[in-house]
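I am attaching a structure below and will ask some questions about it afterwards.
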Amino acid sequence: MKAQQQSETRRRTTRLIGAGVIVALLLASLTGLFARGAAADPTLPPLTPTELLNRVATAQVDGMSATFTQRSDLGLPALPSGIGGGDELQSALTLLTGTHTIRVWTAGPQHSRVSLVDDDSESSVIRNGNQVWTWSSEQQKAGHATIDAKTPTARPTGAPSTPAEAIDRLLKAIGPSTEVTASGTGYVAGRPVYQLILAPKDAASLIGQVRLFVDATTYVPLGLRVLDRGGAEAVSLLASTVDFSVPAAGVFEFTPPAGVEVTELDAKASDHPTGTAKSRPETKTVGTGWTTVLVASTGTTKVTDATAKALLDSLPAVSGAWGRGRLLSTSLVNVVLTDDGRVAVGAVTEDRLYAALAR
Amino acid sequence: MSAAEKTRERRVHRSGRLFASELGLMCGRRRNQVGLATLFALVVLVGVALKVSAMRRPGSRGGDLVSAVAGNGIYLGFAGLTIEIALFLPLAVSVLAGDAVAGEANQGTLRYLLLAPVGRLRLLVVKAGALIVGSVIGAMVVAAGGVLTGVVLFGAGPLISLSGTQLSVADGLWRLALAALYVATGLAALGMIGLFISTLTEQPIAATVATAMVGTLLWVLDAVPQLDWLHPWLLVDRWPAFVDLLREPVFLDRIVAGLGINAAYGAVFFALAWLRFRGKDITS
Amino acid sequence: MSLPPEHEGSEQPELAIASTGLTKRFGRQQVVDDLALAVPSGSVYGFIGPNGSGKTTTIRMLLGLVRPDSGSCALFGKPMPQAAGGVLPRVGALVEGPAFHPYLSGTANLRRLDAADPSSDSATASARIGSALDRVGLRAAAGKRYRAYSLGMRQRLGIAAALLHPRDLLVLDEPTNGLDPQGTREVRHLVAELAAEGTTIFVSSHLLVEVEQLCSHVGVMRSGRLLTQGPLDELRTLTAPRFRLQTPDPAAALGVLATLEVPDAAADADAVTGTLAGLEPERIVAALVAAGVAVRSFTPVTATLEDAFVELTGEGFDVSG
């Protein structure tokens, strides 16, 4: 009888262990789906930061299809939906919050496409030779521009800026105000990458450091992370999939579908996909490099929209020798909106903004 | 053919007989037919509402799938999936899943099935299979019902993809069918959660309510921005990714991740159901 | 009237049902306690006990629906529930009343159960379902929805389901529940017929009448324990007729009875009692008279099976049903 009970207990224990193993295996397969990057860092031939930056600058690929994920956590308050300010403000704000997916295709400098993939909409900028198209599925609007054939090599303002190109520009801008260090290796989108750390030397910068991930084979940047002074990640842009084969030509072809409104874009001012060529406010920049401050004069002192006014009033009031205004403070960017209609923006401490406004 | 092969063929054939019986029971049940009709009626209702508002304010057209219906009825298939994916389709699957084991237990038919004897694993596999078929039927009825209603009310034509390219009617319908199948995989995964819950109780209503609540809870959690670290792990997070089939080229990253999540949830909860059911004392 | 020695079950293929140390507890309640059943092949085994004595739980354990806490059971020498897939096709069962899908007809319900049995052939399903329905007299109501069936018809459909195949063992839990007297008679007739064909029948009941009329063997349950089991004839000897003797000389009478080897002769204030034990009353009286013992009266007392069970279980059975 006792032996029987013991064998029964043993049987139950075995069954329980079996159950545990099955559940553990399934959970492991579940996590495995998402945490493939758990492998050890790859061993790559060592490169000095300068060597690496040079290779990035001269990197050339015939074509590429990639998906990037952009995350922003600027410590902005969650904005109520339907806030005043129109579509442009709305779309500008959405990029500053949450997670976004960006699909990128390139085939040489003449062909590129960047599509911002949102839950149930998509906006794209497509360059196909000298033709540039913009598309917004939400507004069902397309824009078109033709690039001047005389300067085919120059980068046209209307051309889309792929994340890789954006990183490229960043590298050109860093200059002597930056401390560059190599920081080992890792994986992005399953590919071995070098890691570079770019840290602003100016203590007034809100940016603590930028970590840049460079593909070890092609030297194409595959992503970056921007950390604030406290070391918290404020913005990241990382490739989730990359394919360096030349995409099909059809990817760069765009024919506006029937019934879609097409706007002819001013090629000089078409940096925005929506292509609205409003008269731009008068702007000037103060400072250089990481701590550049942009001061704009909006020319208007009145905020008409009730919601926007309420939002503005909720910001802390600040004042100084430069005047009075409100401060919008995030972990990475500070904005001062003065009562006399000026706006100062920069990735700098608010004191630096006040100094710029006082000029 | 060896004797073993013959035996295996016969066994497959006989499992097929039970599976056919299960499908017949599911489809023949008046309540399920009414549920399916409700799913269909909801799409019709949305179609009619859109028609009325289109007649009141002609020419206005937004970029989202629902407002696109006014220009092309085929979009109502996609819009129907969008509208019913959060509540009605999960509810329908919850009803089927809650009934799966608990319904038989409650009726007492479970003991006679087991004495027939249908092995416990075989019974669970057949029930899971029926839930998968039910999920496909539910999603397909919404998609097909949407197209049917939409085409009658608004007419059909080539679709405009989210990327701004033109898709032929055939291409659009093909993508809609794939979208419905993708949605069905998610519903089936929820069905496996329901199957597990159904093995915990002898009250089918309780199992249905619990499953529907799990589905709703997942959507609520998925909508809380503070929990964004959790979102990729939630079953429902990538369900709406079926719209990625409307991009050109088709964007598969989220759909593949969604299929992975659906499969993982389905497998985990089927395994839990099996662990629970294999040694369960059938006292009903 | 002996319990089978332990471990006998799996080694004796002639036992249709065998269990050793079968124990089940639901929560704190000990429902079945150390049960050792031995049901010989070909027997009609009456499993009787008051309501709540653990009969149905025992049946569920025998059929693999409920896992015993300890102990083991076997059907035809194959351990349950491990061998359920191989053994259960040979077993027809009616457990705790019939249960079917209310919206399906009788035929459709049987077809579903037949589909669930991997050993059954779909080609012969219609014929087998038809003959099972015939056998319980339900052919006329075969197309009606189950929910429209009367209690008796439901019970018959349950029996029909147990008869979808020729079975080696039928387990019938309270098969006459809800049946009218006519139906009860029919079921008894059916059981007798099946038993005559060689099917082992294990029938549980709280009705003594059924057992007395149908069974060759009985097992008696009370509070989860098997009080006794064995052939019915053997049980009857337990309740063999006794006698009551009135005599002025009890001591002399006991002496005579001792020479006759009456097993349990005893004297009280005004009478001597004992078990007849195969002795004819007239022989006892003749011996007493021959020995000079005065006999005032000699009364054979015939105890019923009922009395025996009341004695065993400490409570009565619901004889009237």
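Here are some notes:
We call the chains A, B and C, going by the order they appear; numbering starts again at 1 in every chain.
Quick note on the criterion: a contact is a pair of C-beta atoms (placed from the backbone, for glycine too) under 8 Å apart; a residue touches a chain by one contact, two chains touch by 3 or more.
Quick caveat: nothing in here was measured; it's all calculated off a predicted structure.
Of all chains, the one whose mean C-alpha position sits at the greatest distance from that of chain B is C. The chain occupying the central position, as judged from C-alpha centroids, is B. Between the Cα centres of chain A and chain B there is a gap of 35 Å. Averaged C-alpha coordinates put the centre of chain A at 81 Å from the centre of chain C.
Averaged Cα coordinates give chain B a centre that lies 50 Å from the centre of chain C. Listed for chain B are residues 279, each touching two or more other chains. Looking at the complex, you find that chain B touches chain A at residues 61-65, 71, 82, 158, 160, 162-166, 225, 228, 232-233, 240, 243-244, 247, 249, 251, 253-254, 257, 260-261, 264, 267-268, 271-272, 275, 279.
Within the complex formed with chain B, the residues of chain C that make contact are 26, 60, 63-67, 84-85, 88-89, 91, 93, 95-104, 111-118, 120, 122, 161. Against chain C, the residues of chain B that register as touching in their complex are 11, 14-15, 17-18, 20-21, 25, 28-30, 107-109, 111-119, 122-123, 279, 281-283. Partner chain B is touched in their complex by these residues of chain A: 15, 19, 22-23, 26-27, 29-30, 33-34, 67, 78, 98-99, 101, 103, 115, 117, 119-122, 124, 135-140, 142, 240-241, 248, 251, 254-260.
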